[in-house]
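In the two assemblies presented below, subunit A is common to both, partnered first by subunit B and then by subunit C.
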Partner chain A sequence: MSDSTPAKAASSAARQSSVFKLTFRLPIIIWQSLFFIGPLCFMVAMSFFIVRNYRMQEDFVMKNWLKMLGRDYFWDSYFLTWGLAGIGTVVTMLVAFPAAYTLAFKVSETVRRWAIFMLIIPFFTSYLVRIFSWYVILAESGVINAGLSYLGLGPFVMLNTKFGTVVGYMTLTLPLVIILQTFALANIDKSLVEAAFNLGCRPFRTIYRVILPMARTGLIIAAVFCFILSFGDFVSPYYLGGSKPPTLPILIVDTVKSGQQWPRAAVVAVVMMVTLFVVAFAGIMAAYRRRVG
Partner chain B sequence: MVAPLVEFRSVVKRFDDFVAVERVNFTIEAGEFVAIMGPSGCGKTTTLRMLAGLEAPSEGEVLMEGRVMNDVPAHERDTPLVWQSLALFPFLNARENVEFGLQMRGVEAAERRRRALEWLDRMEIAEFAERDIASLSGGQKQRVALARSLVIEPRILLLDEPLSALDANLVIRMQSVLTKLQRELGITFVYVTHSQSEAFAMADRVVIMSRGHIAQIGSPKDIYRAPANRFVAEFVGRNNIITGTVSKATAKAVTIDGSLGSFTVDLGQHEKPQKGDTARFVVAADLAQISTAKPRRGSAIACSLISEEFIGSVVTLFLEAEDGSELKVQLQERELSKMDLKSAATIYLSWASDQAHYIGAD
Partner chain C sequence: MSDNRPLRWFLYGYLALVFTFVFAPILFSVIFSFNSDRFPTIPLGSFTLKWYQTVWNDPDVWEAARTSLTVSLSTATIATLLGFATAYTDYRYSFRLKPIYLGLVLLPPTIPLIIMALAMLAWFAKLGISGQVMSIIIAHSVLTAPFAMAIIRLRLSQMDPSLESAAWNLGASQWSALRRVIVPFCRPAIISSFCLTAAVSFDEFAISWFVAGLNKTIPVIILEIVTGNIDPQVNAIGSFVFLVSMTLVIIAQVVLMTRRKKEV
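And then the complex of A and B:
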C-alpha cells in the first residue's frame, strides 16, 4: 500500500505538468482552429454550394468544380500565375544574391546590421502605396521614359504589362528575400570557404561548389516565401499588370463580382491553396534533404 | 645557394589598430617539421595564414623558394592547411572531400577516385570512404582532413592546432601518425599549437611567439634547457625564475643579488651586464634538488612546502621562500618517498652551479 503513494504523486505531477504545457499551447491551437482550419474547411465546403437568384445555398454538387476546371480561361489564369510568380521568384533570387553575398561576406557587422534595418523599412508603408508610386516611375510620361527620351529612346509601355507585374512582385518580395538570403549566407562557416580556396578553388567557383550547397536550406526557404507571396498577390497584377489576362487572385475577385459566384471563387482559392501546399512541401523537402546527388 | 622553402622577411600584419604580427623574420628549410608555439593571440595562426595566402602581409615579404608570394592568391598556392575545426565539407562524403583538391586541379574522375581511396586507405579509414562527414568520429575526421590536404602531393603542409579538439589518448596516437607521415613523405610540416607537449614531441625546430614577436627559435631541447628570455622561461616547462641586481660581473660569470640571496651564475653566450643592472636566471624545476639539511656547498634557498602535485611517477612540489616567492621542484616519486618532508620545518632548494641558466634583464 505504502508504495502506491509516490506513484500517485508522480502521476498527479505528470498530469499537472501536462496541464501546464497545454495552457501554453492552447492559445495557438484555438487561434489556428478559429481563423485557419475552420475557414479553410468552410471554404472547401463552400466550393460545393450552389447559387440561386444571387443567393448562396448549402448543397453538395460538383457543378462549380466541373465548370471552373473545365474552362480554358481558368487554366490560362493558372499557368499565367505560375509563370509570373515563377519568373518573379527567379529574378528576385538572382537580383538578391549579389546583395546578400556582399552583406554576408564583404562588409562589417555594423554595416550588415544597418543594411538589414534599411531592408525592413519598406515594410513600414503599405504595399499598395508603394505600388502606386511605381505609376510615377513607369508611366509613359513617367520618370524612366522622360529620362530615356533625352537619349532619343522610347517611350516604352511598362504599365499594364507582365513586366509591370513582376516589378510589383519584387517590390513586395525583394527586401524580404535579401534579408533571408543574407542570414543564410552569413551563417556559413567562413573556414569552409577558405578551405575551398586553400585547395585550389577559384573564388567564383567557390560560390557554387561551397556557398550554394552550404546555404541551400536558407536559399530554398527564401525562394518558397518569394513564390508564395507572388502567387497569391492581387495588387501587382491588378494595378501594374493591368488585370488582363487575370491571375488567379484577380479571377477570384472577378468571379465573386460577376453574379455572386462565391462557390466558384472558392474553387479557385482551394486550387491555389493546394498548389501552394505542394510547392511549400516540395521546397521544405528539398531544403532539408540530407545530401545533393 | 638554394633559397629556403619558406622565408619571412620583416613581415608585419595589422588588423585595423591591432598589430598581430610585428617584424617577423625566419626561414623554414625543405623537409623540416617546424612548430610555431605561443599563447593565444601571439600571432602564430596569423603567421600560418599568411603562408597559406589567407591573409596578406601589411608589410614585408613572404617568400617560397625565393619567390615573393605576397600577391599570389590562396587558390594558386600549394599550401594545404588542416584547420583546427578541420573545415571538412559537410555536404560531401569522406571520399568526395579528399577528391576536392584533385578536382580543382583538373584530375579526371577515375584517377581522382583512385588516389582518394589510396589516401583513405593509407590513413586506415578506407571503409568510411562513402560515409557522411557527420557520421565520423573526431579521429576519423582528422584523418580525412589530413588525406584531403596530402592527396594533392604538396611540398608543405600547414596545420593549425589540428589536435586541440581530440581527447588526450587520441592526441598521442595522432602525434605519432603525423611524425611518421612527415618522415615518410619527406615534406615540410608547419604546425601551429599552444601545446608545449605537442610541439616538443613532434617538431625538429620550434618557433616561440609572443605578442606578434618571435621570442626564440631553436630545437625543443635548446628551448627547454636554454630559454632565451623570461617569456620563454615562463611559457616553457616548469622554471624557477630568480630576479636580482648585478653586484659583480666578469666576462664569464655574474653575481646576482636578490631577495632570495646572492647567487653566481655562468653568463654563457650572453654579453656582460653592467653592475646595478636587473638580471635574471632560471633553474628548471626538474634540475633543482631538495634536502632537509642545508647543503654545505653551492647555493640554496630555504623554503617551506605548500603543496604537491602528483602525476604518475613524477611529483611537483610547490615551495614558498622566505620572501613569499613561489618555487617549484620536480622529482621522481621514488626519490621523494625516501625523504621525510612532513616533519621538516625548512626545505632547502639547491642546484648544481652549471644548471642555472642566465637570461639577462628581459
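And then the complex of A and C:
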C-alpha cells in the first residue's frame, strides 16, 4: 500500500503523510526503548556496580560476578532451578497432551472454542490467591489429606516438597500449554492421520510417527514457554516448595528485599536471562529444523 | 478415526480431571472465603461473612483498591493507545527494520516478571521516579502493550484493505479515514483490549511489589498477608479480585463475539 494520498501539493502531502506515519510508529519505539530496553541494559551495567556503605555507586568491577559465581550456594540454586523447571515442563507437557489431543480430535468445534475460553480464565485470576488455595488444599491437615483419611490413607506430606513446587508451576503453565498444544494438534492435516489409521497403524504408533512430527513446531514452542514461566516463578517454590535451598528467582527477591545488594541480584538476573535465551534459541532451532529422513 | 468408545470416554474423563485441577484452586478459594475456620479443611465449618467484614473495614485494603484501580485504568489506556498505533503501523506499512520493530514491541512478556521487576526498580531509581504510582503504570504498560497490539492487529487483519483506500479516493484525508473507517471497525477490539490489559494489570504483583514503594496495590497486599500467616482474609480479597477480573474478561469476550455475529 502506498504511504501517500494522491494530492496536488505533493510535497506538503508527503510531509503530512510522514507526520501521520511517525505518529503511529514512534510512540512505541520511544516507550519501549525508555522503559524496556533501558531497564534491561541498565540491569546488565548494574551487575558491575559496587555497593559502599549501603549505597550503590556506578563503577566497573568484576567483584559481584566473582562473588556470586564463586559460591556453591549460587550453583546449588542454579541447578535446582533447572531441575525443577525441567521436571515441571516434562510433567506439564505430558499431562497436557491427552487433554489437548481430546480437544483437537475428539470434540466439536464449539466445545473446543468454549474449552479454550475456559482455559484463558485462569490467566486473569490472581496467581497468588490460587497458590494460597493450593497451600490450604495440600497441607497436612488440608482438603486432600482430610479426604484421604476417610479412606484410611495418609497423611501425605505435599507442602515444602518438589511435588508442591511442580503443582504450583502447573497452576501457572498448564492452561497455556494445553491451549498451545491444542492449536498445534488442530492445525495438522487430519487426512494424514486417517491414512495412517486406515493403513493399519496402531494408535500409539500413529501418535508417535505421524502426529508428533507434524505438530513438532507448536509443541516445542509450548515447552519453551512452559520452561520460561517455571524458571522465572518465585511464588511456587517459595510458598509450596519451602524455598530451601532457594531457586534463582527467590535469590533475587531475598537479595533485593533484605540486603540492598542490587548488583548481586543483577548478576543472578543476567545469568537467568542468558540461560533462558539459550534455551529459547535451542528450542526455536529444534522447532524449525528441517525434518530429517 | 475409528470410533473407539471406551477410549473416547476415557479421554473425556481425563479432560474433566484436568479442568478440575485448573479450577480447583479458584473454586476452593471462593468456598473458603465463606468458611468460618481459620484453617479451612473438610468437613467445612459454618457459613460466615466475617472475612469479608474484616476486609471491608480495613482502610489499607481500601487504599490499595484505589491504587489498583488508578493503575489498571491508566495502564489500560496507555497500553491500548500504544497497541493501536503499533497494530496500525504493522497493518499498513512495511519497512526495512520491521522484524526488529515487532520484536521490540512483542518481547516483554517473554522476560520473567521477576527480572523485569528488578530492572525496572533499578532504572526508576536511576531516573528518580521510583516508589510512585506512576512507576507501576509505566511498567505495566510495557508489559501489556503487546497484548493490546495482538488483539487489535487480529481485528485489523479481518478488515478489507480496500476500505481505507476507498475512503482516500473519495477525498478523505488520512486522519479522517482513520477516524471514520479504521477506528470504528476496531472498536470491539479496542474495548476488549482495554478490559484485558486492565485485568492483567489488576492481578500483577511482582513488578508492583518491587517498584511501588509505599503505594501498595491489592495483589501486593495479598502477597504481604500470605507471607505473614494463614489468613482467610486472602480468600475474601481474592474472590473480590476474581469478580473484577472475570467481569472484565467477560465484557471483553462478549464485545468481540456479538460484533462478530452481527457481521456474519
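Just so it is clear, the second predicted complex is superposed on the first by the 261 of 293 C-alpha atoms of A that agree within 3 Å, B and C clash if a C-alpha of one lies under 4 Å from a C-alpha of the other, contacts with A are read in each partner's own complex, and residues count from 1 in each chain.
One rule holds in what follows: a contact is a pair of C-beta atoms (placed from the backbone, for glycine too) under 8 Å apart; a residue touches a chain by one contact, two chains touch by 3 or more.
Worth saying up front: this structure is predicted, and the values here are computed from it rather than measured.
Once the two complexes are overlaid on the shared chain, A:C201 sits against subunit B while remaining clear of subunit C.
Contact with neither subunit B nor subunit C is seen for A:F227 once the two complexes are overlaid on the shared chain. By the touch criterion defined above, A:F24 reaches subunit C but does not reach subunit B.
Among subunit B and subunit C, the chain that touches a larger number of residues in subunit A is C. Judged by the touch definition given at the top, the superposed model places A:Y78 against neither subunit B nor subunit C. Of the two partner chains placed by the overlay, only subunit C lies in contact with A:I137; subunit B stays clear of it. In the superposition on chain A, A:M46 makes contact with subunit C only, not with subunit B. Touch criterion not met for A:Y169: it reaches neither subunit B nor subunit C. Legend: residue contacts after superposition of the two complexes on their common chain; A:F97 is shown touching neither subunit B nor subunit C. On subunit A, the surface touched by subunit B in one complex and the surface touched by subunit C in the other have residues 194, 197, 203 in common. Those residues of subunit C whose C-beta lies close enough to touch subunit A in the complex are 1-2, 4, 7-8, 11-12, 14-15, 18-19, 21-26, 28-29, 32, 39-43, 81-82, 85-86, 88-89, 92-93, 101, 104-105, 107-108, 110-116, 118-123, 126, 138-139, 141-142, 145, 161, 165, 168, 173-175, 196, 199-200, 203, 205-206, 210, 219, 222-223, 226, 230, 234-235, 237-238, 241-242, 245-246, 248-249, 253.
For subunit A in complex with subunit B, the touching residues are 189, 191-192, 194-203, 205, 210, 213-214, 216, 290-292. Listing the residues of subunit A that touch subunit C in their complex gives 1, 3, 5-6, 16-17, 20-21, 23-25, 27-29, 31-33, 35-40, 42-43, 46, 95-96, 98-99, 101-103, 105-106, 115, 117-137, 139, 141-143, 146-147, 170-171, 174-175, 178, 193-194, 197, 203, 225, 228-229, 231-234, 239, 249, 252-253, 256, 262, 265-266, 269, 272-273, 276, 280. For subunit B in complex with subunit A, the touching residues are 52-54, 73-76, 78-81, 83, 85, 87-91, 93, 100-101, 104-105, 132, 148-149, 152.
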